[in-house]
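What follows is a set of structures to go through.
Across the two complexes that follow, chain A remains constant while its partner is chain B and subsequently chain C.
Moving on to the complex of A and B:
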């Protein structure tokens, strides 16, 4: 035996923690390296992450395809905008109210809609978006119709005597980053709970889930409301970021974008949705440099995705993650 | 053992259009008993099961579980509050989930006090799931599925899926289990195993059973009492010996 044979194999190092730390550092330091346009693209991606997490709970975990996300996104945006413009309430109040109201409105909408079978349910949720837009256009006394609400202040915090406003792109980035992290954590805790397991059971086989005592209808209703609340929270930040909302906030475009994030990123996974929102919203924003071919290029990217990654990017992320763990 | 039957169904009617699928059937299962339900195809056995377990609503009749009227309750409520579990003719499992998760899910609604508590993330919720996992592992060992416990249930053989289904029904400490053709489509070796499982649950946990089964040898072997359905009506009722000797039953079912 030569001395070389006695050498121990290189120690297995788990690279997940260093990788996570690097990711966190990159997220924190991004404003130092990125131009304001790239930063804007990331902000939009992180804003869309919340509705996407909500939709993922519904589509990916409970197995209910919904196009209603834009309706609740719009409700959140208008709630926030109206409160800020009319009452001058601080951001966190508008933000919470937007989530709560969107969730509450999902209750009366979900009760009839969830009685419907798969395809009819999808059509019904599509209807919610159209109704939402019609109300925003025509209830002029409240929403100012097509003129939209303008002059929504940038996020303004008031805690006791101290108050401050988040106005710059960089500070807005940090605000959205914190909210996105909390939102992701919330989604993670939901799917890891016993309720998350019941949701997956409903997705896998509803009758079997019923037979082991799971009240499937009530779960679907609750998840529909949670999903709407996530969308409302996203809409609220959107309104405060753009400082305008118009009936265009109730657009199928938003519902489909959120669906692309979830299905393309990886339905039924949290990391896939995070990746998906950065990729698809980032891609869409980045393609604005070539406005003539933007939607064509976007469409081609989606086609490529469907052909090469029918399950989204989640399996790739999984493989990368175990590569970090099992490295020898 | 008290004299009151665990399950008492009286005057059950169910029709689909002009077809009387179940026509005035009364049946009871005594506490701790294994009762058989036999009859030719289309005699209304499965419809009767579906009405008794809340999967479909009977047109008339009452279902009493442990003295409580549960007529019109939903499938999930009968399972959760009545602890009356059922299997399906076509074996079903949560295919994408592994064996252990299948069993944990089967027990969840019985350890958590309600829907909202299942969203809990605290130590109490985790302890509840951990206790379920322990119990699940015990059953997995008994069922001989230890080596495949982390495999997706859908990838396993039909027989193994049947054992998962059976173990799932034992998770919530049931009072009564209704089995819809547990021996259908499995090999003779596995039949013995399923029979053993039924006896095990009956003797060790005192679970009562109502079993739909076509394999007449198995039914006469494990059941203390047999009810025969024919064309939606009750044709006969008695001990296995009486049923095998009954002329009407032989003509309708056993082929003379």
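Moving on to the complex of A and C:
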């Protein structure tokens, strides 16, 4: 090499596009390589992705720590299950109705709850889960109480005369994949919009946000409803996947799981939540970890996240992205 | 009819006493750490399991089992306090919520993992009925009420007169000033936390003979019932907690009898929300302190 050769090393190509394409291909071809149990694990992870996106809008972007996600998840599951069992409506109707109803119920619950701050808000949202479970147990005429709803049909679509049912694990995987991609896109669009920036402003400094003219109260209420709608949609698929709903759908367990996904993956990032749900739900489901061990692991994760890794895996993902983009 | 209502009220006072002993620990911990301890019910569970273990495996008499249950919980509380609770001092509220939720998950599921998730029979305690003022009551229930009264008299004296109590009150008012005048804030926080956990354990051991069954998930429901009590009592308010616990206990007992047993566990959270909406600083505090 001559001393006056000053040319820089050849720029490396931007690898983000190829990586994205590889990821998409992997997602589409997964059923070819994975056994039905691993596929099941991914389906569960993708189902939890929707409520986690909702929670992320609330916790990560608006800065409201909520434990109510399980309540709306349960409402969605019951709505979907009841409609399918009693009226035999096609899946997309149940799915939309679950989301809409969960979102609508969040309005009267959110108005009083959002007046509260910090810890009081957390306790109030926890109360929604407890009371939801009590209603599911005791409104026997509607929910059949502790027996739960069983025999919820697998998702079936009816468009005019044509109708088909999604019964196999593989076809269910594609259904959930499509829904998860749309959900992720929706969350991304919300976050990237002006509204998303206002949400971040509220998270960073609510008083300042109010003073520059952001209607903080209305924002918080709408985000609470959107996050509930996401949870309701997730609950709907969950009901159709397991074909059973019981009052135990209203359980702190689900709220904790969604919280772990969001905080562990990286609150306030979309990619982190996707990663988090695959890691914390998909992986633990795939490894068939006993529920107690999983809960202990979640507990230790929470402690580690709070004290040592407040951003979860987000910094790691960021570094990976910038590594892919790097042009040196 | 009147005597039936009276009996329910007495039952309510007994469960109110149980809640009061647990809740007073939680409210004191809140006063010092400014954090709701979502793991508080787990110390109740740990105390019960410690006593159950002592009785079942070593055949020890109940009074010794009480001491063992409380000491076992204290040991665990020292570890948790050192590694987790001390870090919460002065941290944002979310930190406290998430850290204590994590502790709750770890403690509860470790116990389930070690001892299994099933119900266990708690043999021990004084279940002989005694007759007071014309109606009968198990001795254990009388014991619970007496212990509750003693605990509250003791705490009232401690908070008012002892050095530790004064330090606790000082920390609950202003952490920075405490540091300036030389109060060891993390030490006060640790001691308050251990005291609170021990009280919860004591309450658990005393209640076990009445509830008879012991299981790993029993702490969660206690946490859920303690939250409305401390909010109603006014966070950090020891005396208010006592009255709030009695109100909740009696209300639950009346609802269970006259409305339906299945609604008993919702009373707490329904009151919690009403109080949060209507008087967020509690029924017994003149103004919000936190």
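Simple rule for what comes next: the second predicted complex is superposed on the first by the 295 of 328 C-alpha atoms of A that agree within 3 Å, B and C clash if a C-alpha of one lies under 4 Å from a C-alpha of the other, contacts with A are read in each partner's own complex, and residues count from 1 in each chain.
Just so it is clear, contacts are C-beta pairs under 8 Å (C-beta built on N, C-alpha and C of every residue); 3 or more make two chains touch, one makes a residue touch a chain.
Keep in mind it's a predicted model, so treat the numbers as computed, not measured.
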First, second, both or neither for A:211, with chain B first and chain C second: first
Touched partner set for A:289, first chain B, second chain C, both or neither: neither
Chain B versus chain C as contact partner of A:124, first or second or both or neither: second
Partner chain(s) touched by A:112 [first = chain B, second = chain C, both, neither]: second
Comparing the two partners chain B and chain C, which touches a greater set of residues in chain A: C
Which superposed partner A:222 touches (first chain B, second chain C, both, neither): first
Contacts of A:201 with chain B and chain C, given as first, second, both or neither: first
Touching partner for A:32 - first (chain B), second (chain C), both, neither: neither
Residue ranges of chain A in contact with chain B within the complex: 189-190, 192-195, 197-198, 200-201, 204-205, 207-216, 218-219, 222
Interface residues, chain B side, partner chain A - complex: 53, 55, 74-77, 79-80, 85-86, 88, 92-97, 101, 104-110, 112, 115, 118-121, 125, 128-129, 168, 171-172
Residue ranges of chain C in contact with chain A within the complex: 35-36, 84, 87, 93-99, 101-106, 108-110, 112-113, 117, 220, 224, 227, 231, 260, 262-263, 265-266, 269-270, 272-273, 276-277, 280
Residue ranges of chain A in contact with chain C within the complex: 65, 112, 115-116, 118-120, 122-124, 126-127, 130-131, 134, 137-138, 252, 256, 259, 263, 290-293, 295-296, 298-303, 305-307
